[in-house]
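Have a look at this one.
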Amino acid sequence: MLKVGDHVNHCFLVVDCQELKTKYGKLYLSLNVKNRLLECGVKIWDWESIKSTLSKHPTTGCFVKITGTVESYQGMIQIKTEQIEVIEEGEVDPSEIYATPGIALEEMENRLKQYLGMIKNPVLKDLCQAVITNKELYQLLITRPAAIRNHHETYHGLLSHIVSMMGAAVALQAHYHFLSLDLLLAGALFHDLGKVVEINDIKEGGYSTKGRLLGHMDIGTALIDRFAEKTGHKGKEEVDLLKHLVLSHHGKLEWGSPIEPRIPEAMALHMIDYMDAQFYNIFKQLKETPPGEWTSNRSQSLFKHSLSPVDQLDHYHK
Amino acid sequence: MLKVGDHVNHCFLVVDCQELKTKYGKLYLSLNVKNRLLECGVKIWDWESIKSTLSKHPTTGCFVKITGTVESYQGMIQIKTEQIEVIEEGEVDPSEIYATPGIALEEMENRLKQYLGMIKNPVLKDLCQAVITNKELYQLLITRPAAIRNHHETYHGLLSHIVSMMGAAVALQAHYHFLSLDLLLAGALFHDLGKVVEINDIKEGGYSTKGRLLGHMDIGTALIDRFAEKTGHKGKEEVDLLKHLVLSHHGKLEWGSPIEPRIPEAMALHMIDYMDAQFYNIFKQLKETPPGEWTSNRSQSLFKHSLSPVDQLDHYHK
Amino acid sequence: MLKVGDHVNHCFLVVDCQELKTKYGKLYLSLNVKNRLLECGVKIWDWESIKSTLSKHPTTGCFVKITGTVESYQGMIQIKTEQIEVIEEGEVDPSEIYATPGIALEEMENRLKQYLGMIKNPVLKDLCQAVITNKELYQLLITRPAAIRNHHETYHGLLSHIVSMMGAAVALQAHYHFLSLDLLLAGALFHDLGKVVEINDIKEGGYSTKGRLLGHMDIGTALIDRFAEKTGHKGKEEVDLLKHLVLSHHGKLEWGSPIEPRIPEAMALHMIDYMDAQFYNIFKQLKETPPGEWTSNRSQSLFKHSLSPVDQLDHYHK
Amino acid sequence: MLKVGDHVNHCFLVVDCQELKTKYGKLYLSLNVKNRLLECGVKIWDWESIKSTLSKHPTTGCFVKITGTVESYQGMIQIKTEQIEVIEEGEVDPSEIYATPGIALEEMENRLKQYLGMIKNPVLKDLCQAVITNKELYQLLITRPAAIRNHHETYHGLLSHIVSMMGAAVALQAHYHFLSLDLLLAGALFHDLGKVVEINDIKEGGYSTKGRLLGHMDIGTALIDRFAEKTGHKGKEEVDLLKHLVLSHHGKLEWGSPIEPRIPEAMALHMIDYMDAQFYNIFKQLKETPPGEWTSNRSQSLFKHSLSPVDQLDHYHK
Amino acid sequence: MLKVGDHVNHCFLVVDCQELKTKYGKLYLSLNVKNRLLECGVKIWDWESIKSTLSKHPTTGCFVKITGTVESYQGMIQIKTEQIEVIEEGEVDPSEIYATPGIALEEMENRLKQYLGMIKNPVLKDLCQAVITNKELYQLLITRPAAIRNHHETYHGLLSHIVSMMGAAVALQAHYHFLSLDLLLAGALFHDLGKVVEINDIKEGGYSTKGRLLGHMDIGTALIDRFAEKTGHKGKEEVDLLKHLVLSHHGKLEWGSPIEPRIPEAMALHMIDYMDAQFYNIFKQLKETPPGEWTSNRSQSLFKHSLSPVDQLDHYHK
Amino acid sequence: MLKVGDHVNHCFLVVDCQELKTKYGKLYLSLNVKNRLLECGVKIWDWESIKSTLSKHPTTGCFVKITGTVESYQGMIQIKTEQIEVIEEGEVDPSEIYATPGIALEEMENRLKQYLGMIKNPVLKDLCQAVITNKELYQLLITRPAAIRNHHETYHGLLSHIVSMMGAAVALQAHYHFLSLDLLLAGALFHDLGKVVEINDIKEGGYSTKGRLLGHMDIGTALIDRFAEKTGHKGKEEVDLLKHLVLSHHGKLEWGSPIEPRIPEAMALHMIDYMDAQFYNIFKQLKETPPGEWTSNRSQSLFKHSLSPVDQLDHYHK
């Protein structure tokens, strides 16, 4: 995080932008900007003179590069701006703007392929490959967050959550060998896939109208139907099992699943999903807490004890 | 219902059929049979002599015509059989075997067409017509029950429930005119349509494996997708609204809807669905109860008061 | 609603009134006022000079006529007052001060009489007439709100709710003809009648002590007892049925009914009551929302879709 | 309890009575009878010869005096009858037939009067006296059970429950002296008074139709209204407080109170009522259990420990 | 409570203490202080001159004696300080700083001894004496609060709660004589004893880490084990019964008891505990409320009726 | 399982034993016996002649060796006995009588030692070793069931559950490396250790009185205290953390934990415990179900799909 006194030479998303006048009638520009290190206000007091020198003016939703210094003014953090410049979205590195997981994208993509390579059932293999080879869908899969808030609410968050769940599934199934690893892995890929439609782009934020009307489970099973049609597997048992994994992964009706788990892999997938989301948050909270103290979240504060390996680690999973 | 002493000359479904021996080593045939008027045992004591005279022997799941008399033997109802004959399924009138609604099939089909004729929105009209003109689906729609138990668990029960809901929707919308009648009617048609897959044929009974894994809501939205593709309406708002009506018609997560109602018509449809199921049962229970007494169902016994029009009526709705 | 810049020449209720001094020791009058179009502060800076010219001074709870202009001062809406005058309560048109339903009072009174005219059962007819002909009670019935907040929280709100429920009851019973229309109509009249005691006058607001100790259901059944005595129908079955409708109209113990519905009309009345309250609010929220957007209430935001007739209508029911 | 081999010379209620024929065509009388010591079947095999000698024949619902011996026949307890005689209801001592509390009726009546004598508030005093001096109501009050099952389900059970609650109220209030003893005592008298209408005579058993439609709380507040009218106290605060105590004595909406406790005495009365019912049952169960063992009720089995005074006592309260 | 204009000459706990500079660069001391009569800010504007005259400077967590006057500055209460002096903790009377019960400590200690003197069972007697004679534990027992908030959250609060529960137990058991008074009294002493570890010193406030990890029930049963070992009663039934009373005193799993009451004294103790906490709060709220009005707590507002003895009393129990 | 027609030459536990007489007055012995393969009745009709030839007569609770044949008599399974002999308990192999896990005892003991060898923290290591080296406790640990019913309700069931949880903990922690493996392993050993007191010997069955009064959590933390004292680790943080793991392993108050998980290992341990119990049962049910069918348990029937490895495996975990 950037602190008061730090020098700034970073890209920011402009969350809000208004051209205003001071009491004395002088034009100034008032912005709210954010990136993964800082969210604060910016006042450009000499806007009148700068305005004409800029080829493009900042607007709400655009990206800017700001040079200046972080300062505190009447208890509010601001950037004392030396220079501001509008940047094209294509030139911005999203990981400068948004929080990202503790593992690099390439590493996550490699693991994803490796885990999918472990699937032996030909129908499930084909359905998973159909996701990976669909360029548009794959692009969404690797960039979108897994949630609006609560867990994995980051750029690449969905991929990060899927890959960690796959790792946990492989570990657990090695012990509980009566579970089908193929179903666990395919289920991990598809269980939240509908979120690429349900949740908006991280820049826009929030849920889409389609998402609020249908939910990511129904969107997910419709994707499975589409891929089953395409791969010629329509009507096969594996298709229904995979849809069941998607529909039941919240575990109980009152948690949003229209069908409760009816195969052992559905129970396991629900528990892996729940654990992975919990552990993501627990690690994040403990990371910000000194040893011997309690985390600051009110609803379920946790104790950081002296045996905790958290401070030696960068990420909640290997 | 048939009573002790009544003469029998009826078709029955053979629920169970076994060839057994008496203590003295004589072969006899022991059957359990049922139709809409009687469910009881049948013993054919002279099976040894009859057996060779029958061109086809009764088996579990076949239909038989029995001539004889209803009698009570050691507190159990039986048919004292004079004649028994196996009947081909095609020659059996299902309404002799299974309970049916209080309105004739033709009347229900007419009303269905009439109500669908009230839909003005072209997308919803096309989606509904696609159901009606799909012969296989239409056949299931007009014969299947609406549930295993609880309500409209009869032959033609699903159609009966849909048509009654449409009647209630038209009545309510005439008062609450801010609701879209088109959505209410199309929602009534599609809300339980997935039950034609979820629930087995009334002869077999119970839920199908696909039904238990996916539920009738997901099956229903997949049908809408299929019809949207076919009618060229894929991607239109009406398609999402209709799917939303299907997904939310149980009203709350804990009652099995993965999405709670987010448009007024979804709230209304949920309430109409709930009311129609309740009223079907209430009428049935009150019909069996003398005035001034309480119905016999334990969980929510009802009082049949002196203002009740139930005894003057054959059916719970007009 | 009145906006900044609008000219004001309206009656207001004085919610709060204090005579204060400026830093420089000058007397001014600080008021909070509201009517159905505006709720804001008013500062009378020249109170010292005006004070003696007014025959009557404003006080908390009185009514005033204000001439002036709506303006914004430091983010707060105020009226820049040109003239202020105290008005006797009797001369104020309540519909200028308080929100009112979308149907005129006379129209609602006519419908009420028309619906009550449909009741054939002599006991229920007499009990309903006893309400209508009791001048004091009738006056409360046609002016009081149906609730403090949530639904029909307007002047004439109780009458509006009753009349709409009667309309819905007539519509539903025409389809579900096994229900007694007489009981539904009498139940609609009496179900919330105790609210005329439970809820204070709309000017005072809030609940009465008697209301908080007894609730509107017990107050309502005591009214029925009183009218049964008066009309000579004490001890008749209809009296108990009507009291049952009142006691059970919240549907479940946890929703405040000491007795759950035990006759079909009680179930129906509960659902009509619930629907009518819901639909009142839904319409109000959708009315304030542009097409294609979601209503702003957090707990259950609704989507205003393109088939919605809301924008063509003034009221949620016909 | 009567055991196999015991001689019988007791009155019984005839729960069921049928004249039947043996296989050989001989008339016999088959009865089910019960009193507080035994519930069993009786077969009068020589009915044909006895029948004409009896001036009155047993029927369902009548009372009989039987002389004979208790025996076990095929695992069923029966009375081998020597003599049977029909007895007029007026001549039967109810305490021979039904379970009764551990304190004599006179003692309970004395305590009731004594406790009511402690009430100083004139309004509450008058309302309570109105109960005691209403002969018909008082007769019901001292004979009826307090419940169908669960607690104090005995002849005189309601009185027994009321008197014990009064004793507990006096004890508690002596410690928690900020509570009004007058309200606690009057509340104890009235809280379940509606049960004299809600619950049938112990011989008939079960709930009345009026009771199922209205519940004992609404019946109770109507009684208070009637007595308030009679004693000229209508409209006084005490009347509303007493009605509030009745309406709120179940403590929570979901436990059947339409209004939750809003005065401290209502909270206290709810807890005393709950405790008294619990303690009645606990004592009864422990009494039947040997020291060092667990009671046999499944839902909440209790341990009879070595410090328990239960075996030295006849009744759960002093 | 101290009001604006009152003269101050009291001890205070310094909740927060900072040395700051005015706009003009002058040092001043800004404190937040509290005692049982006042919680407010204090500004020592002439800190520069006073500072060197004080032998000891105020710091967060120390105690000070302040002479001055209570005044209101910009809507905030402050003390206009004439003199300030740091006081050693040992010289402060805690009852000047913290709220205390309405009964003097000596009186409570006497009653405690008296109640414990009523215990006859030698094992329970020894276990209780072990608490009283353990100086360190006894000191905590008589000074600590019974809770962080909710009830008895005062200095001596735990002792106050225990003594009142003992009084209620004696009263109730005199009526419900099948309960063991020995178990009730020993249970009252031990039920919350673990709170002396679970809850920090009233000056520090909040829960201890050990308390949050183990809870006061497990800490309490470990204390019983320790005393059972010491007194040679290990393995006796009374030890398990006493531990059961501690473990079950919250009454239900969802209220935090790992074991629900399984002996009658456990049920009684739970109810006495619940009542005593409730009545403490109810009395406190009613004391602050004028007759005829409602208490200000939102969740369960209570009515102060005209029969309430609250205004004649200083404490909720005798 | 033994079937009708199978020859029997096995040990059985005598569940019930009575000497009775036939109608004709002849003595016979009627037994109910069970072992892990059969639970049925045995009638020794020639008891009169055999009786004197047996050195020891069967009694309820003893063990017998029976030679004979399984047969069906009037729909009940019985053993047609050729020979019967009473066996000393010490000579009986418990695994002939009771169900046992799918892994041999030696193998489980080896794994237990291996997993405990992975613990590095000296305090936790010492506490675990104290369990293993306490002969009496260790003997209970390796023989007792983990529950009365529901899961691991077998001879050696507790050990089996602990060892499987340790395997799952090692697997999961290898992925979620921010968890302390030492705490997970020590927690797995101690979490249900109190069950050796709470649950009776498998022959006796059911819960002990101490177990019902205190529960296995409180018994477990008392064991930790005892071992902490013995190993000189009293007062160390690890002791409190381990007690916290025991107290919180049911996850929520309403599931019986007095403290909810407050360290990540407590959350993980709760989930591993829950999963292991579930998976034990799921495997058992699926094992008894043919592929393509649903398990017979009503509450949550599961589908045995075609990808399930269950039929290739002997045990639910590796």
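For clarity, chains are labelled A, B, C, D, E and F in written order, and residue numbers in each chain start from 1.
What we mean here is this: contacts are C-beta pairs under 8 Å (C-beta built on N, C-alpha and C of every residue); 3 or more make two chains touch, one makes a residue touch a chain.
Keep in mind it's a predicted model, so treat the numbers as computed, not measured.
Visitor: So which chains are sitting against subunit D and subunit E at once?
Guide: C, F
Visitor: Do subunit A and subunit F face each other with the same patch, meaning over half of the contact numbers show up on both, or with different patches?
Guide: The interface is built from the same residue numbers on each side, given that over half of them are used by both copies.
Visitor: Round to the nearest whole Å and give the separation of the Cα centres of subunit B and subunit E.
Guide: 65
Visitor: Distance from the CA centroid of subunit D to that of subunit F, rounded to the nearest Å?
Guide: 46
Visitor: Can you list the subunit A residues in contact with two or more other chains?
Guide: 209, 212-213, 241, 262-263, 301, 303
Visitor: Please list, in label order, each pair of chains that touches.
Guide: A-B, A-C, A-E, A-F, B-C, B-D, B-F, C-D, C-E, D-E, D-F, E-F
Visitor: Residues of subunit E touching subunit C in their complex?
Guide: Residues in contact with subunit C: 292, 294, 301, 303.
Visitor: Give the list of subunit F residues in touch with subunit A in this complex.
Guide: Contacts found on subunit F: 121, 164, 167-168, 171-172, 174-180, 182-183, 237-238, 241, 260, 262-264, 267-268, 271, 274-275, 278-279, 282-283, 286, 300-303, 305-310, 313, 316-318.
Visitor: So in the complex, which bits of subunit A are touching subunit C?
Guide: 209, 212-213
Visitor: Help me check something: in the complex, which residues belonging to subunit C touch subunit D?
Guide: Touch list, subunit C to subunit D: 209-210, 212-215, 217-218, 221-222, 225, 240-241, 243-244, 247, 253-259, 262-263.
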